[in-house]
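One structure is given here, and the rest of the page talks about it.
Here the chain labels run A, B, C, D, E, F and G in written order, and each chain numbers its own residues starting at 1.
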Amino acid sequence: MTEIISAIIIIVGVLFVVIGSVGLLRLPDFYIRISAITKAATMGVACIMIGVALNFNEISVAIKAFGVVLFLLITSPIAAHIIGRAAYDGGVPLWKKTEINEYEEYKKNKLKKENNKDSQPNKKEE
Amino acid sequence: MKLLIPHIILSIILAVLFFNVAPYEGSANRYILAGIVIFSLTWPLSYFFSKDYFRKLPGLMGLIVFFTKELIVANFRVAYDVVTPITYMRPCIVALPLDAKTDFEITVLACMISLTPGTLSLNLSDDKSLLFVHAITFKKMDPEAIKRDLKEGFEKKLLKITR
Amino acid sequence: MLTTILIGFLLAVLLPWLYKFFKANTGRFLAVFPAAAFVWFATKHNQIAAGGIVKEAYNWMPGLGVSLDFKLDGLSLLFAFLISGIGAIVLLYAGTYMKAYEKTDRFFVALMIFMASMLGLVLSDNIISLFVFWELTSFSSYFLIGFSHEKEESRGAALKALLITAGGGLALLAGLILLGIGGETNTISELLMRGDQIADSGFLHVAMMLIIVGCFTKSAQFPFHFWLPAAMAAPTPVSAYLHSATMVKAGIYLLARMSPLFNGTGNWNTTLLVVGGITMLMGASTAVIQSDLKKILAYTTVSALGLLTMLLGIGTEIAIQAAVVFILAHALYKGALFLLAGIIDHQTGTRNIRKLGKLFKKMPYTGTAVIIASLSMAGIPPLFGFISKELIYASTIDMVINSPLTTSAFFIAGVLITAAAGILSYKVFFGKRNKLESQPTEAPFSLVAGPLLMAVIAVTLGISSRFISPLLNQASLAVMPENIELQLSLWHGINTELIMSMATIFIGYLTFLFIYLNPKFIASIKVSDKIKTSSVYDRTISTVVEISKRVTIIIQNGNLRIYVFVLIAVFSLLSLWVLKDFSVPSISILWSDFRIYDIVIGLIMIAACFYAVMAKSRLLAIALLGVVGYGVAFIFIMFGAPDLAITQILIETITVVIFVLVLWKLPKFLIFTESFIKFRYFMISIVFGGLMTWIVMIVTQYPLESHLKAYFAENSYLLAKGKNVVNVILVDFRSLDTLGEMVVLGIAAIGIYALVKFNKTGKKEEL
Amino acid sequence: MSWYDIVLMIALILLSFSIILVFIRIVLGPTLPDRVISFDLIGTITIGMIAIYSITTGVESYMDAAIILSLVMFLGAIAFAYYMKKKKL
Amino acid sequence: MENHILIVLLIPLLSGIFSLFAWGRKQLQQYIFLVGTFLLIVAAGFLLNSVLIHEVIVLQSAGWEAPFGISLVADLLSSIMVLLAAIIGIAVAIYSFSEVDEHRIQFGFYPLMNFLVFSVCGAFLTGDVFNLYVWFEMMLISSFVLMVLGNGKSQVEATIKYVTINIVASTFFLAGIGILYGLTGTLNMADLAVRLQSVPNSSLLDLAAIFFFIAFGVKAAVFPLFNWLPASYHTPPIAVSSFFAGLLTKVGVYAFIRFFTMIFNHESAFIDNLLLYTAAATMFFGVLGAAAQMDFRKILSFHIISQIGYMIMGLAIGTKLALTGAIFYIIHHIIVKSNLFLIAGIVKKSSGSFNLKKIGGVYGKYPFLAILFIISAFSLAGFPPLSGFWAKLIVIKAGLESGDSFLVIVALVVGFLTLYSMTKIWNEAFWKKVPEEYMEESQTKSVPLSSIKPMIIPVVMLAGITLFIGLFGESVLNLAMMTAEQLLNPEIYIHAVLGNDS
Amino acid sequence: MNSTILSMGIKLLVPLFVIFSLFLLFRGHNAPGGGFVGGLVFSIAFSLYTLNYGVKRTKEKYKIRPLKLIAWGLLMAVLSGLIPLFAGESFLTGLWHDEITIPVLGKPGTPILFDIGVYLLVAGTILSLIFTLWEE
Amino acid sequence: MEDILPFLIGCLYAGGIYLIFHRSFVKLIIGLIILGYASNLFLFTISRITRDAPPLIPDDATQLTETFADPLPQALILTAIVIGFGLQAFAIVLIKVGFKTLKTDDLDKTTSTDRLDN
């Protein structure tokens, strides 16, 4: 029974990963790829881990599997955030169909404010 | 002490659980493993449960269930969209006004948003009042709906247990 | 004998201190040493003259058969007398003469070393210790010739002398070693008796030629003669000492010493005759057209050395006797002449005979000495030179073959030398004088005394030659053991020799007149100087340097890629050479164990490697590198190496991190197009990779039973208390490796810190 | 081979093919962040593969490699972000 | 007795660690290095003494019997090498006090030197091929850092070349170890020597030997793998180059001798010819480079190569006398070459440049220094009665005895060119006057010798050793002969390492 | 890097990494891991911290001196090798105390000490690399 | 995998060396690292490989029995990886410093230390 369940879970996880990989190739811009895909893979790996834990049926393996999932859950969103932010700040273009961009507005406003501040000299950069 | 056992009661519970569940022969490894597990779990969790943890436990469970559900649903949706033509996809970047105040709350929220396929926490405003989220919608563009979903879903449930 | 030599060396070593004490009198003080040695040798004279031998032996490097064996026989004693006697005179002379120079202590150091080693050379009875002293004479003469080292000419001359003599020395060394191997001993006196054994070993002829080369360089035989005239850059006492009595005669000495072994075998006689003849004629003819007093002497010396070589080449009893006698005669007159030339130079400020003349009235003692020495050189009775000339002619008449040729050669040389003697004596002291800068005056007695003494000896020996003949007889016996006894006398009755001598003097006089009266014609001949062997030497040296430069620029071209290319090419060629014995192993994929993801992973790694090669973006290359690294980790997983996989993953990531931290400062990959060269590199890479594949296949087709593997499996837990065998090996079985690895890491950390943070501002930054 | 083994084999094959897909994205780029996330994804997929592999062989200690990989990938990602920030792309 | 080996290794290691703790404290670090090298000499002397008594001393590290753990083995060759390392170590230590600048010391010069000495000693003493690899790598990394320390332009460029070629060579070393293990399943040198005899195909041994030939050939700088050496040895401070010049290449030669007398001692025309032609070409091309150069240190660097050729020649001929010659050569060359580098440094300090064209007049100014140079230079050129003469004599005699006349001719020609290039240095730096056009430069860049007097001490010491070996070389000769005998009878070594059941 | 989210994440992760690294260190004798891997994981934690906050702050907060870690690591490894000498054993021989079993640490033995040395040294090395290469 | 490993090793060797033959510093160092992989795998493969049997003694045993991978090459490779890492890290930083001081990334232009000065 556990074998069947674990097999199903593993296959589901693997499919997530495969779909994520296909998506990585197909999706139109970097931001869509990162927001849609890397998470799919995390999800997929989490499934695989559960499958593995089930299959071994041992607490130590379960703990390890759990550890992997925990780490991935903590780290992959943070990594995605930090890379996405760096990409945006570095000027990686958005897909042409990206319609609303409230971040860009915010940045423009911020820049304006800073320029006003900078009219007093000697307070640039860090 | 706080450094080693961030949360005493939780730790004891976990220890008891562990030693009952783990059928381990190796003497040293068992203790080490127990220590690791206990620490690894209580350390992050101690941020959630500053106090009143019995009251908050159901909330936590609820959050986990909700989050898992969202995760799976969103994953399937993305999976579907990946294998079908992508022309209907409409991405946008929205500014999510935050009620979450502490760094921990913001981080957990941002992570959960990022973990859900289709949304990504891109950045935080300098005063930590806005979270910029890159989101993918389909067919119809409605930024307010996205914000509402996020606030009602993740943030509300999160704040319930952290406060 | 060792004591004598050692005292000489010791004096050389102590000289800086002695010099502080004796200052200007150092030369005179030092002269005590050779004088004492002379006396010591004199006490042995009777014993040796009676046919006795004095021997000493000390161990030096017994393991190599090297010992300080000394043997005093007639030949050695003759040379020892010359070295110590003339040495004493030269030191006395130098004591005064060198006052004009600075830092004369260095001069005396070299001179003492020279003197001591020269003694060692003629006394040695061991081929290696002989060679040691031989090289020491080259070494010290290098410093003597280069004494005025601030002049380029001096340096060049010194170098010339050193390179030629030491170069010949290398040949000599090989020859001597061969002799030693062939004769199974290093003792000269024994070797001389083992001619047959050496001949059997097959080394005799090679050794002979090598030794001949060594001797020829030292004794300035054609074509190596040119260093000697150049060496005239040295201060006069040096010239006198080196070029009259001693160093140049070292070659003659060794040829004579080895004569018993080689005489009559192979090309010994022909070589010596021909080369000696050429040298003699070339030296004599060059001498007469020189204008520099010392050059004239130098070339006459070359001629005399050629003559001696010829005599040894003739190799008959009488020729050997003639050689021995001539050695003494030549040393006496030539030594005196060099010293006198130095005096003339010293007093007049020039050595150019075109400028010199009519000096006799101003410098009567010098003049007298020069005239006597010159007459001896010209072979005019009753001087000792005459006796030797008689013997020389006798030896050629006595010859079996080649007689007319040799005789005429001797005759021509004799004529030319006589002419040169005329120039030296008549032109300088009675001839026309051109403008001289200073008014010449007679030299102080301390300068003239020495040469005058030698001149006197030349006369005395000529008249009472019987006095010296026992020693000379023993000397010639040493060269030719079954010799008839030598009887020296001025008068043998009217015979061919006498007639020839007289003819020589007469025609020599005519030649002198011709030269004296036609200075312009002589000067015009000088142009031919350009095609001398010395310019061959210069060209050889510059060619060698040029070739070295070209070769070095090709080999050491500075391009790292080519260095690596060479390395890989060498490896590939060598392995191909060895692998040609092996067949290409058949590739058999075990379908039962076939796993498609293996192939996929392998292909991905290959593709990643390929794209890393092609990548235009650095970060792409690094990411691909990471992919390869993860692939390697997965392979480790597959084959049961979790520790390795973990380490690989960690290291891989940290490497990527380091790359990333470092690389953002670097430029993009530059794209260099060089398709042809690229092809070469591509091919060698493919060959190299293919070879490694092949090697893996070859080695793995043999079974392997590792007893280490079994031992670790058995004892890892029981003895070393660990269940992770790999870790147990790391921290226990092979913990020393791990300790080393730790040090490597620590050093790498320090190194990176130093690389990045090194600054010369002195700003401290703690690590 | 049991059906379970076959399932695992298929899983491994699928995962390795998805690595190929991601690999193509690495090579194509076009932007640096694309490559970075692709690299990250390869790491993630490798974690999955290692996990499945440890089932097929029954060696649980391979899971340790999976844990470590999940740890260090984060460091890699942060480092790449640092690079992008410094380089301003 | 076994612990003599341990002490020899512990002294530099602990000195290194202590000077890490004393980071940035110049005087303390200098003191540690000096005391360390001094103690090392004493310890190495004791080690040599015990080896003379007991023939081969084995320390089984971590207490595991021979093929299973790592054996540290001291035979005559290795203990002689260790002693030489210690001598050069102390010479460099004293020299560095005056030469190495404050900044380099701030950035770890002394810890690195200690670890370098450590690695060199380890390489000499190990009896395990992989352990030898570890020592080699330690030696490499510390020499990399020492070479680049200071970040001068030419230093960096040189180090890039040095690093690249040496890392590539290390790959070959590792692969070679792989082949040996793949053939025999063991790593212990003695065990390998035994087990390789049962390898089915002796061409496999030739194959493995190629890998080590490349690996050690690069380290020892033989033709045509030497390029990294003249590209780099002239760039770091003299104290460093001197140590490198004397010892590092000799570690390669040591490894050559060790491997080709013990491990690859099967009958193989291929290996014999390989060594033979390598020796000839190394001698020849090395000296050509020396003849071409005009930089004091570059001439010396190229000479290292050509002299390595003589050592390989001894190994290639392979008779007892030849090996004696090779070992005598190593001893002589380590002392002399280090000393020449040290002298070059003093000349540079007192004349302002290493370029022979720009300097001159040292003989006039500093006759004592000149004498020290003469002793070393003429020894290098093989002039009697200095140490180099005996070395050359033995090798040539061995060559003539075994009929390798081709090698002998090359050796003689090379000897001649060596003399030429040594006298070139003498002529230019010592005899000639400083050229007018460089007078000013020379005066501004130079310091009077009296201000750097301590630098002379090690030079005098090493020149004294050279003279001693030359004049009283019998003891060294005997030592070299005994060493050669030991090398030709590896059974003693093997028996000592593996115990009775070999 | 100035990101609240990252900072918080790192704050959460650093203790986990440290504990995990110790876990790897001590169990290394019996399962994959050991001083080397442990040291690497330890250093990764602080590398993350450094990448985010900079060298100065890391040094201030954690009082880490990589050089000292390296030196102590080496010294510890050497000491673990010297201890057996006093028991009359060879250098680096593993000495185990069979009777005592310390909870968590297992049986005490010099190889454990050696592994701790490795751990410290590796941690020091990687940290010194990161500290050196990090630039504002 | 056993059958394709030699080919993989050959490819890695070829790729690593070919990268060194490019003129860029950065490619040089990447080449060196790939060579490192190649030689580690070479050592791994040539000392024979065993699939799926790590040399870990099970909890209930005191010895390794049946088939297991040879632990010794693993330990060697581990050491080699770590040492290689030290050298490579140094080399990476060295090329950075090299670029900074030499102002070029081109190996063909860094030939000054070998130049004849005369």
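By definition in this document, contacts are C-beta pairs under 8 Å (C-beta built on N, C-alpha and C of every residue); 3 or more make two chains touch, one makes a residue touch a chain.
Since the model is a prediction, treat every value here as computed from it, not as a measurement.
Peer 1: Could you name all chains that are in contact with chain C and with chain E at the same time?
Peer 2: Chains that touch both chain C and chain E, as defined above, are F, G.
Peer 1: Report the chain ID whose CA centroid sits closest to the centroid of the full protein CA set.
Peer 2: E
Peer 1: Measuring centre to centre with C-alpha atoms, which chain is farthest from chain E?
Peer 2: Farthest by centroid: B.
Peer 1: From the C-alpha centre of chain D to that of chain E, how far is it in Å?
Peer 2: 48
Peer 1: In angstrom, rounded to a whole number, how far apart do the mean CA points of chain A and chain F lie?
Peer 2: Roughly 31 Å separates the two chain centres.
Peer 1: Report, in whole Å, the distance between the mean C-alpha point of chain B and the mean C-alpha point of chain D.
Peer 2: Once rounded, the distance between the two centres reads 23 Å.
Peer 1: Between chain D and chain F, what is the gap in Å from one C-alpha centre to the other?
Peer 2: The mean C-alpha positions of chain D and chain F differ by 27 Å.
Peer 1: Residues of chain D touching 2+ other chains?
Peer 2: Residues 15, 17, 19, 32, 36, 38, 59, 61, 64-65, 67-68, 71-75, 78-82, 85-87 of chain D touch two or more partner chains.
Peer 1: Out of chain B, which residues touch more than one other chain, so two or more?
Peer 2: Expected reply: 26, 33, 36, 40, 44, 107, 110-111, 121, 123.
Peer 1: Residues touching two or more other chains, restricted to chain C: which are they?
Peer 2: Where chain C meets two or more other chains at a single residue, that happens at 549, 552-553, 556, 558, 560, 564, 568, 595, 601, 638, 640, 642-643, 646-647, 650-651, 654, 657-658, 661-663, 692, 695, 699-700, 704, 706, 708-709, 712, 723-724, 730, 732-738, 741, 743-748, 750-753, 755-757, 766-767.
Peer 1: What residues on chain A touch chain B, complex-wise?
Peer 2: Contact set of chain A toward chain B: 15-16, 19-20, 22-23, 26-29, 31-32, 34-37, 39-40, 42-43, 59-60, 63, 67, 70, 73-74, 76-78, 80-81, 84-85, 88, 94-95, 97-104, 106, 110.
Peer 1: What does chain E use to touch chain F in their complex?
Peer 2: 2-3, 6, 10, 13-14, 16-17, 20-21, 23, 59-63
Peer 1: Spell out the residues on chain E that touch chain G in their complex, using ranges where they run on.
Peer 2: Contacts found on chain E: 130, 133-134, 137, 140-141, 144-145, 148, 151-154, 156-161, 163-164, 167-168, 170-171, 174-175, 177-179, 181-182, 185, 187, 227, 230-232, 234-235, 292-295, 298, 355, 357.
Peer 1: Taking the complex as given, what residues does chain D use to touch chain C?
Peer 2: Result: residues 9, 12-13, 15-17, 19-20, 23, 26-27, 29, 32, 35-36, 38-39, 42-43, 46, 49-50, 53, 59, 61-62, 64-65, 68-69, 72-73, 75-76, 79-80, 82-83, 86-87 of chain D touch chain C.
Peer 1: Show me the residue ranges of chain C that touch chain E in the complex, using the header's touch definition.
Peer 2: 59-64, 103, 106, 128, 131-132, 135-136, 139, 142, 146, 149-150, 152, 155, 159, 162-163, 166-167, 170-171, 173-174, 177-178, 180-181, 541, 544-545, 547-549, 551-553, 555-556, 558, 560, 563-564, 566-568, 570-571, 574-575, 577-579, 581-582, 692, 695, 698-700, 702, 704-709, 711-712, 732-737, 740-741, 743-744, 746-748, 750-751, 753-755, 757-760, 762, 764, 766-767
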